[in-house]
Structure formats: structure tokens, C-alpha cells
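Naming follows writing order (A, B, C, D and E), and every chain is counted from residue 1.
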Amino acid sequence: MLIACVAYQNGRKVADIPIADISEFVRRPDALVWVALADPTPEEIEQMAFEFGLHPLAVEDARKGHQRPKIEEYDDSLFAVLHAVESVPGQTDGEFAVGEVDIFAGPNYILTIRPGSMQGFADVRTRCEHEPELLIHGSGYVMYAVMDAVVDRYFPILDDLESSLEQTESRLFDGSSTRSRIEELYDLKRRLMKLKHAVAPLMESVGKLYGGRVPHLCIGTQEYFRDVYDHLTRINGAIENIREMHATAITVNIALISLSESEVTKRLAAWGALITVPTLIAGIYGMNFANMPELHWAHGYPFALALMTIVDAVLFWRFRRAKWV
Amino acid sequence: MLIACVAYQNGRKVADIPIADISEFVRRPDALVWVALADPTPEEIEQMAFEFGLHPLAVEDARKGHQRPKIEEYDDSLFAVLHAVESVPGQTDGEFAVGEVDIFAGPNYILTIRPGSMQGFADVRTRCEHEPELLIHGSGYVMYAVMDAVVDRYFPILDDLESSLEQTESRLFDGSSTRSRIEELYDLKRRLMKLKHAVAPLMESVGKLYGGRVPHLCIGTQEYFRDVYDHLTRINGAIENIREMHATAITVNIALISLSESEVTKRLAAWGALITVPTLIAGIYGMNFANMPELHWAHGYPFALALMTIVDAVLFWRFRRAKWV
Amino acid sequence: MLIACVAYQNGRKVADIPIADISEFVRRPDALVWVALADPTPEEIEQMAFEFGLHPLAVEDARKGHQRPKIEEYDDSLFAVLHAVESVPGQTDGEFAVGEVDIFAGPNYILTIRPGSMQGFADVRTRCEHEPELLIHGSGYVMYAVMDAVVDRYFPILDDLESSLEQTESRLFDGSSTRSRIEELYDLKRRLMKLKHAVAPLMESVGKLYGGRVPHLCIGTQEYFRDVYDHLTRINGAIENIREMHATAITVNIALISLSESEVTKRLAAWGALITVPTLIAGIYGMNFANMPELHWAHGYPFALALMTIVDAVLFWRFRRAKWV
Amino acid sequence: MLIACVAYQNGRKVADIPIADISEFVRRPDALVWVALADPTPEEIEQMAFEFGLHPLAVEDARKGHQRPKIEEYDDSLFAVLHAVESVPGQTDGEFAVGEVDIFAGPNYILTIRPGSMQGFADVRTRCEHEPELLIHGSGYVMYAVMDAVVDRYFPILDDLESSLEQTESRLFDGSSTRSRIEELYDLKRRLMKLKHAVAPLMESVGKLYGGRVPHLCIGTQEYFRDVYDHLTRINGAIENIREMHATAITVNIALISLSESEVTKRLAAWGALITVPTLIAGIYGMNFANMPELHWAHGYPFALALMTIVDAVLFWRFRRAKWV
Amino acid sequence: MLIACVAYQNGRKVADIPIADISEFVRRPDALVWVALADPTPEEIEQMAFEFGLHPLAVEDARKGHQRPKIEEYDDSLFAVLHAVESVPGQTDGEFAVGEVDIFAGPNYILTIRPGSMQGFADVRTRCEHEPELLIHGSGYVMYAVMDAVVDRYFPILDDLESSLEQTESRLFDGSSTRSRIEELYDLKRRLMKLKHAVAPLMESVGKLYGGRVPHLCIGTQEYFRDVYDHLTRINGAIENIREMHATAITVNIALISLSESEVTKRLAAWGALITVPTLIAGIYGMNFANMPELHWAHGYPFALALMTIVDAVLFWRFRRAKWV
């Protein structure tokens, strides 16, 4: 579905143009054609490939989808795949969906395709159109603006992960190391790996867009790409941090389970003693010896019950002191 | 066994040629001889080595087999070893077989050998013959096409591994952390390492076929090899992801076993109490004191039984509330 | 809030100058304007950006905060973000706060901003003003002096972490592997990661300020930045060391918990035997056989009690010898 | 002990020569002197150092032994240390011995020393003498041949390790996770590290003998050294693979031990219930109430025994259904 | 404290000279002044800094101490910090102390300072004075000689660590996995990290003293520094090896503890059964049924006792066969 197809000249919008005119505008100097597609049909992709003269391998990647984040150089154009993350509305467990954003950028054009990605880039376009002094940098700047928008959406997901970890941490130590705590930890790891999968390969690719030899498109906008790289490094560092704390949390959880098992064993043994010791006393007074003085005492029976109670009380007091019960 | 021996000129098939003519065709400019062998005899390999002038060390590797994936440069020719994976028909546990594919590529020839690899490359040949505008790139393009076919077969194996992990994950938390779950996890790891063994060294080697200085054969087809590299990176990233989740799953499994042990201990202790407490009461009324009023009550016996029942009922209710039984 | 705005000439203080005069002073050769801001308002930052001609991306980072440590080059100026650590007064558990310090350094100016960082750099300024032969090196030297001051504050935090580890170590082996020990270990890890987060990225960035190609500002002061780098390497090495010992400590803790569980089990079983064996004896003499000689002995009852005591004494002696009780 | 001292000219054997003539032959163009020593005395090493003009630091390493594998360049000569592995005859547990092989290679000479290494290189010499067209490459080729022979002996050791792992794997899951299984796993790791110790540093060193700038000696034989490197990479990859599976196996073993402990606990509890429940019934009928109808039934006693049996049968059936006994 | 201050000319000792003359001698060509200080006062360090013209940052490091091992280049001079290890006399648990050795080396001078390091370098000086043909290489050679002496002292410590590991290993499997075994493992790790801390950073620094661009001082003595590097690599490799085996040993220890817990549980359960089963029999014959034939048998009581004994004997035999007792 075509979202927008706009031509710019010297950083200023000229007009919405029909697709068929793209190839003509692209040839003009200082022009910029910026096309946005969402959930495109194969035919739309074919048409774009023809109008912009896109490389067949890049087109195939865009058509097949399920790519990992990457930025590839084809002669004087770039092909970027990004993972767009979006928290699933109506779900509160921090789950998020991962969509794909493909960017084709040439000297005079930029084409963004989002198959299965919910959020668009209308706000990016609006902001760019308000800053003609930046838009004049051309397709490199637009590419930066779109990438920056995608990367900015990683931060709330990261915050979710961090607060999940903190929640699990705080619950770990209030004694509730139950099955659901372990499930939470596993789920946190799964979400973490999903975000890492979006961030790490992209970081590697963006690192080649500034400093040293860079693609021709990025020459005037290196500092902007370094900014994106810096954001990705920050996210990646935070992910690594969560990952390491997560590993410690799981190990600590195992230690806590072992410890609580050990405590339960002691508690059970204490209660067991409180039952078996009076049983022994009862057994003794159940013996059938002809000559057992206590049996004939007037208060023999209350004495035996009292004996049981006192022994248990002493035991209970000692177990309590040792923190076993 | 010779599968095919075909000569091409400018990207178009000329003829099936006898082996003896190979050395003649190879000398013509713009010619390409493409030979495919399956389970070759040592004599066949010797003959090919002679016709194409292959390097003795590469020939020895092809003859001995059991190589790890690699791409080696000998003067102006390349020798590649790939691991071909194929799911074993009739087996449903995700097990797969690993065969070997050897590719000798020179300026005017390409020789593929598959010792112990079931699937052939007839479809690759057919596709190449339908695209003479690509086949004109020569042996570098054919080499790409064969490698691409081998690598494409890794994806279904990877999908199997991913669904194995997901299955094990979902079963982990429904409480069935039994011996077979652990066996599954071990088996998953073994299969994962087998695939990694095929992918990781190849990725490293393919990475040298594009960008910077590349072998002469690959000069016009760098973008294609980058595409193969990209596929391998994707598979490798997925393998690393599974590996990390797998490690977490094993640790989580240990935690779950400990936890369930702890739960079992509590349950057993609860049931133990339900037996030993009435035993104590019975012991008390089995004492032989001369003067025990209850013994002479008309309903002393039912009273004792009722006492046991009530005490157990109270205990049971408390254990249930504490989720011990 | 403006802390200070001072102009220097050839390493000597000229005067406190109003903000509006900055841009004039900056243009003079051999001049140096050194401005310090604490918790600045957005307007103050705007004003500084205007006076010094700071790069918009750097200004945005300073305004938004929550950056990871980094040093970025913008043409002939540098923008550095550092994490300032400070132990929280009144807290004794080694907890520390992390603030941020931003440094903008150009050929003739230095601007330090500390949003949410408690300790200032008045002492650094005083020291610099007493060493005009060093201050003459210009903004590079002042940047070094501020960074050195920030990094020096990491050492007491590191010492805290090391003594925390040692304390936990020594307590681990005196038998008190309790829940609080595990909490301590987890907390230590959390603090360790917080410090690592401040140190590791900074180390990486400072490593680019000496040797090989360095930013223009640092040319005369490379050895000083190497000194900062050396300090950071030392801290980082110590962090890695603590991290590894910490991992070993956690594993050892789990082993100790298992071991102590095993010891408790043995102890409980021993005490259990001391109760159940006499119960068996009592049971035997509670049997109702018509013909049980002991029952009719004059001292049958004391005999039975003595038997119980002797058997228990023997058992106790053997358990004690086996270190079970 | 001198094994052999032979002079070659243009790839063909000239004569066995006395040690004193070495220095003369070495000076001739196209000559090659190949000396083999086994368990040499310090005097023999001294003599060789004098005849060949070996570097004092290399000579000291050869004399002291206990080096790690390495290849060092001294001007135009090379000094290589390799670890030779040999399975200990008469031992069946996969244990192997590690000896040392020192190679001094100069433009016209090669000297191999094997202190404490059992197997010699007579076969290597024989093979080289049968291939004068290869031997003409000089000392570089001989060095390759000796290294290739040493590395080829790693493969059977690696096979032993792989089959040890497989054996342990298969036994892990047939339930016999006993002490000896853990000992086997530890021993496997120890042997693995011993082999890794021989392979990894050598691989690193051999990697510098081909591609890019290589020592003068290796210029015509680069492809051969790449072949050795390839073998080492293969072994190293397999070692890494075993290492990772080994780590998984240990973790899995711990999980299995926990699981079996949990199963044992359940089994014991079940049997305990089968004993304590009839004990409770016996206790009830041991009570001394005056009015207990069952006691006066004609078949009261068989009734009680039957009650015990029936209750136990029901319990047994339920435990069996739950797979507890 | 000044240990020695000697001037050399062309590799031969000229005279012990007073400190005040140092600056004069240092200016002569082919001269070498070698000064050794132990536990110097700040004044002595000041004096040396003045006489040799040492860099302030290096002097400050020497004065403050607690540096990590490093080698820094200041113009044409080098500053090296090494960790000197020495086993503590009178202690047999393998504990060792770490002291510091600072080396200042310039074109014509060498200054060694050992604050808090017990062993001196008198033997190094003696050896150097006996080899004027090596000492003529100047300060680079002396620096090598001192470093070599420091590094050689690492080997006995490493041997201690290796024999500690072996001892712990052998004790692990003879069943004594007690608390002290875990303490030993923790202590071994601590000592290992201490040695690694001395070795790893030094190795990194020494690696820059040979091959490629090296400091001017080391140009004629590169092969000697490569020798030191080789020693350090060997130690580092051994440390890594111990580290990995140590990790395996801890995991194996946990497995053994779990296993022995499981064995203890079985043993206890077996003994428990041997007590509770006769208790059940006693309970049965303690029932008060009017009509229990056995009670009236002449040998009813011995029969009951025999029954208990036989049942226990059968149980014991079965438990023994199952290796439970």
C-alpha cells in the first residue's frame, strides 16, 4: 500500500507525485524522492525496483522478509533492514512484537517499506519537512531520521525489561521463589534476546557509516549516524548488563531454593521430634511389666501427659531458639 | 559416478562432452566446463585432477573426506568444502545427516563432488541454464549458485531446532521435568553443535570472498557471495540465540527440579504428620495406667477415633491452606 | 546554575567575566575560557551553546542526560560524558550514587556541566591556577585535570567493593551461609556492574586520546591521558577480578548449602534413630504374649529403661564418632 | 643419541656424514643437512649449536624442555617446539603421554630433537627420500613433513576423546549416574585440556607461516603449511565441540542426580507409608479401652490383619500408578 | 635505601659512584649507570628524578605504588612496573606475597626500585658483570635481565598452584568432599587470580617490545624480550588451564555432594526400615484382641523376636545387595 510519494527540491517539498514520474524526478540534480510503502504487494515492490533501479538481491530480501538487521552497500546506494519493536497493546506482561523496516537509499531517493510493522514514519516526514536546512543533506539525512525513529522506539522496551528485572529481583528475596518466579526469569531472558537480536547486528552495521571510509551517501551526515550508533551502544550495554544480572539472579534463585529446602527439612524434623518423642513416652507406659510403679500412682496418667507436654515444650523452646520452627 | 559433464560458451550450453575432452575445452576463452560427480571412485578423482590440473593437497582432501567447511585458494583456483545437511527421511525427532560437498573452481571450470551426500544440484544447473545473463559471469557464479543451494538447506534444519526448543520450553513449565525432558535438551544441544559445525567455519571463509582483496574468480560476483555470507550470519545468529536460551533452559530445569523436590518433601511431611499424630493418640490410650478415666467411658473408643479424625482434619485443612497437600 | 566563568591568558587567570563576553574572549589567541555549570536550566545550556558555538547533537545529549560515558569529536572540539560516583552520605552498605559530568572542550574554551552530580571541581580549578606552567597547555590539560578528578573518585568505591567481597568470603566459610549472605552477594554484583558501567566505556574512549592519531586538543597532553587510561585499566582489571571471584563465591555458596543440607540430614537421622530405637524396645515389651519372662522380673521395668538408655548411649557414641551429631 | 645425520643435494641423498662435517656441508649451495637426535646429552646439543650456529636462546629452550608449542624466527632460521602425543601402550582408559619435538630449521639444514618422545620420524625421512621433487624445496619442506607427522598423530587421540564422550553420554541416560561417571567426565576434561594445550598454541604459530609476510624458509611451501594449519583448525574445532558438549553433559548429570534424588525420596516415602499406616492400625487396636467391640469379635485379629493388608494394597496400587514404587 | 650505584663503560664496570655524579656519567657516550634502590624514601626518589631527569607522571607512579604491571614509553626512556612474587617463608599453604618492582630505563641508565619487595637483584648484576659482551647492549639488556629474573620467580608459584589443584583433584574422588575441600578450591582460585593479575598485563606490555615498531632501547635486544614474552605466555596458558580445570572441579564437587546426599538418604532410609518394620510387628502383638492364638503359644514371644530378626535380616540382605547400606 502506498503511503506517500513526495518529491523535494533543495530540502523543500515540491509535490506529491505519481509513481510513474519517479524515474524522471530521480534524474534531476538536487532532487529527492521519498516514497513510503506499507505491507506492499509483490507488484508494488516490482514497480519500485523498476522506477529506482534497485538491485535484484536487495529486492529479493525485501520481498522475502525475515532478514536480520543489516546495512548493505550496492554501488552508490544503500539497503538497510531494521527491526521495529512495538509493545503489544492490551498486553501488560512486557511482551512486544518485532516488525521489519526496509530502507532503500540512493543519491536522489529514499524508499521505506514496512511489511508487518504497525507504526509509520509520518511524524519523521513532518519533522524533516520543517527543517529544510537539514533535509537539504539529502537521502543520507532522511535515512538517519528514519533509523533514529526506529531506534528511539527501543528505549521503552528496554525500560520494560529493566523494570521486569528489578521486580523479579525484589520478589526473589521476599521468599517467594516459586515456580512463577522461574517462569518470569525465563520469559525475561527470551524478551531480552529478542531485543538483542534487533540491536546487536544493527549496531555493527551502523558502525561502518561514520569514521574512516563511509558510503558516499553518508559523507555529510556522519555525525548523525555516530549519534544513532551511540544510542545503539547504550542499549546494547544495558542489554549486556541485564543479561549478566539475569544470570546472577538465576544462580541466586537456585541457591535460595536449596536454602529454603534446607530450612523446610529442619522445620519438618523439628515437628517430627515433637510427635515422636511423646510417642516414645506413651510406648514406655504401654509396656506390660508386672511391676511398673507409675502405672499405679493415683495421678500416673496426668503425670504421663504432663511429662509429654513438658518434654515437647522444652524441645519447642530449643527449636525456636535455633530458628528451626 | 559421473552425473554430468557439460561445456558452456558465453553462458549457453554447448554440449555434454566426454571426460577426455575436458582439458581441451578448458583452454578455450569464455568457455566453462561444469562437471558433477557423486560418490566418485579414487580413479575418477584422479582423472579429474589430471584433466583440470587440480592441486595435489586439495585432491587429497577431497579423497580423504571428513574435512571441516573451508574455502582455500590455490593460485587462480578455489577449493571449497561444504557440509550438506539433510533431514533423515522417516525420522521424526529432528535428527539430520551431514554429508560433504567439494567444489573445485578454476577460471574456466567448476567441479562438484558429493561423497555421501544424497541431494544433488540438478535444479541448480537447470536454473543456471535458464539465466545465461548470469551464467556468463562464469565459474564464480556457478560456485555461488551451488553454495547458495547448500546453505538454503540449512534453514529447515534450523527451523526444526527452533521448534524443538519451543516445545521443550513449553513442556518445562507444565511440570513434566522428567528424565526425558533432560534427554531432549541434551539431544537438542548435540544437533545444534552439528549445525554450528557446518555453518561457523563456512561463514568465516565466505567472508573473504567479498570486500577488500578477493580471489580473482569472485571479482564480478562479490555481491552474490555477500548474500551467502548474510544467510550464514543469519543462521549463525539464530544458532547463538538457541544456544543461549538452551543454557538458560537447562539451568531453569535444574531450578525446577530442586523446587519440585522441595514441594514433594513438604507433601510427604504433611502426609507423614497425618499418620504419626493419630499414632501418638493411639499410643497414649495404649498406656497401661491403672487410673485412666477415658478408658472406662462408655464411648471412650469412638471418642478416641473421633479425636484422631478431628486432629487429622484440622491438620489437613492447615496443610491444604499452605498448599502442602 | 553558573558556578564560575573565568578567562585565562597564557596559563594565568585574567578575570571572572560575564557570560556575554565569552564569545569575545574565545576568539583571542592563547586565551582560555573555563566555565562551570551545575544543574543548568535549558536556557543556560542554550546560552552556552550560542556563546561557544557547540554542536547541536552534543548539546542535545547534555540536555537530555542519561548518556553512557563517551568522548566524541566534533571538528576541532571534544564532547565528553563521564559518570561521577559518590558514596551516599549516611549509608553504610557501600551503596553509591552515579551522577553525570559533561565536558565541552574547544581550542580556547572548556565548559563543564554537572547535572545531578553533587561534588564540584573547585579544587581542580584551584590546583590548575597554581600550576600556570601546566595550564598553559590549554583546554586539553584542563580536560585531563577534570577527568582525572572524576576517575580518582572511583577508587574509594572500588575499595568498598573489594572489602565487601572479602567480608562475604570470610563469612561464607564460618558456616553462616544464610539468606542474607546470598542477598549480599547479589547486591555486590549489582554495585559492581554499576561501577563497570561507568568505567568500561570511558576506558575505551580515553584509549583514543593518546598514541597514533589523536584529537588536536590532546596533542601536547597525550601522556596525561595515558595516565588516566592507566588508572581506568587498573580499576577495570580489579572489577574483572572481583567479578570472577564473585562468580566463584556464588558457586561455592551453593556447594556449601548442599553440603550443610547433607550434614543436617545426617544429624536429623541420628536424632531420629535415638528416638525410634527405644520406641521399638517399648513396643516389644508392650506385646501381649502370655509368656514373656522379663515382664515378671522384679526389676524388669528398670531393666527395660536401662536397655533403652544403653542402646541410645552406644548409638550416640557411634554417631558422635562419625561426626553426625 | 644421534639417530641420523645425512646430507642431501638437489633433493637426493648424498651420504651419511660425520657430525664434524656438518658445518662444511651447510655452506654448500643447494645442500641440505638433516640431523635427528633423540634424548640428546647436553654435549650433543652444544655440538649441534656450534656446527649449525644456533641461537643461544633457542638452544637453551631445547636444553631445558617443558616449552609450550611455538615457532620462533631467528634471523633466517626457525625454531619450532611441538608436543608429540602418543597413547600409552597397555593402557585402555584413553590416557596418552605428551613428549616434545624441537625443530631447528635453517636455509640449508634441519635438526630435529626429541627429548622424551617415543616415536621417531624414520618414516618421514623415508617418504621424503622417495620424493626428491618435493625434497628439493629444502628445509621448509622437511619441516612441514615432520610437523605433518606430529599433527597426524593427534587424530587418534581426538577419536579416543570423542568416543569417551559418546560412551559417557550413552551411560548418563541409562540411569547409572554414579560416582564413576563423574570421575570419567573429569578425566575426559583433563585429557581434553592436555590435547588442547598441544594444539592451540601451535595453530596460532603455524598461522604465521602462510599468507602475508612469511619467514624466508616457508616461501615455496606456504600451501603445505596452510594444510597443517587446516588440520590443526579441524582438531581445535573438534576439541571446542567436545568441550561444549562436555560442559552440557556435566550440567545434565547434575540435573539427573537431582532428579534421581527426587525419585528416591518419593520411593522411600511410599515404602514408609506402607509401614507406618499398619503401625497406626496396630496402635489403635492396642488401646486399652474397656469397651472396644472389635477386640471381642471371634475373628477380630484376622480382621485387623486383613485391614492392614487391604489398606497397604490400596496404597501400593496408588503409588504404583503414580510411578512412586 | 641505596643498594648500589655503579657506572659501566662498554659493558665493563668502571666504579661505584656517588649519587651526585650520576648526571655527569649519564651524559658520556657508551656509559651506563645502574642504580638499585630498596624501600626508598620520597627524598631518594626525588633525587633520582632530578639526576636522571625522570618524567613526573612516572615518578608519581613509583612514589604512590599499587600500580598494575605495565611498561610505558616516555620519549626515549621506558618505565616498567612489575609484580614480584615470593612465597611467604614459614607458610606451607602455598600463600605468596606480591611486591612491586619499578624499572626506569633511559639510553644510558637503568634504575630499579623495589618498594616492599624482599628479594633483590644482586645476582642479576653479578651475572651481567660476568658477560660484558651482553652488557654492552646497554640499558635494554639490563632491563631484560631484571625482568627475566622477576618472571623466573613466577614458575615455582605456578608449580605450587598446579600441585594444589592435583591434590584437591585426588582428594575429591576419595570421597572426602567436605567443607575444607571447598575452602581449598576457593583459596586456590584466589591465589590463581593473584598470579594472573601479575602476569596478564605484563604479557600484554612485553608483547610491544619486539616485532614491528619497538621502543628505541629494545632495538638490539628484541629476541630477549620475545623470550620473556614466551615465558609469560607459557605461565598464562598454564593459568588458563588451571582456571578451566578449577571450574570443572567445582562443578564436579557439587555433583559429588548431591550424589553423596542421595546415597546418605538411601542409607538412612534403609536403617529406618530396619527399625520401623519390627516396630510394626511389635505393634501387632501389642493389640488387645481377645482371641490372638500366638499370644498363648508357649514360645510365642521368642517366635515374635525371631520373626523381627528374620524380617530384618532379609531386608538387610536386600539393602546390602542394592548397595544401600
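The rule we apply is simple: contacts are C-beta pairs under 8 Å (C-beta built on N, C-alpha and C of every residue); 3 or more make two chains touch, one makes a residue touch a chain.
Quantities reported herein were computed from a predicted structural model and do not represent experimental measurements.
Listed by label, the chains touching chain B and chain D alike form an empty list.
Steps from chain D to chain E, taking the shortest chain of touch contacts, total 1.
Overlaying the C-alpha trace of chain A on that of chain D calls for a turn of 145°, given as a multiple of 5.
Counting the residue numbers that touch the partner chain, chain C and chain E have less than half of them in common. Centroids of chain A and chain B (each the mean of its C-alpha atoms) stand 25 Å apart. Rounded to a whole number, the gap between the C-alpha centres of chain C and chain D is 41 angstrom. Annotation for chain E: residues touching 2 or more other chains are 251, 254, 258, 261, 265, 272, 276, 279, 283, 286-288, 292.
Taken chain by chain, the contacts form a single closed ring in which each chain touches exactly two others.
The chains touch one another in a closed ring; read from chain C in the direction of chain E, their sequence is C, E, D, B, A.
Contacts from chain D toward chain E in the complex involve residues 55, 57, 61, 67-68, 70, 72, 74, 177-179, 182-183, 185-186, 189-190, 193, 197, 201, 250-251, 253-254, 257-258, 260-261, 264-265, 268, 271-272, 275-276, 278-279, 282-283, 285-288, 292, 294-301, 304-305, 308. Listed in rising order, the residues of chain B touching chain A in the complex are 169, 172-173, 223-224, 226-227, 230, 233-234, 237, 241, 244-245, 248-249, 251-252, 254-256, 258-259, 261-262, 265-266, 269, 272-273, 276-277, 279-280, 283-284, 286-293.
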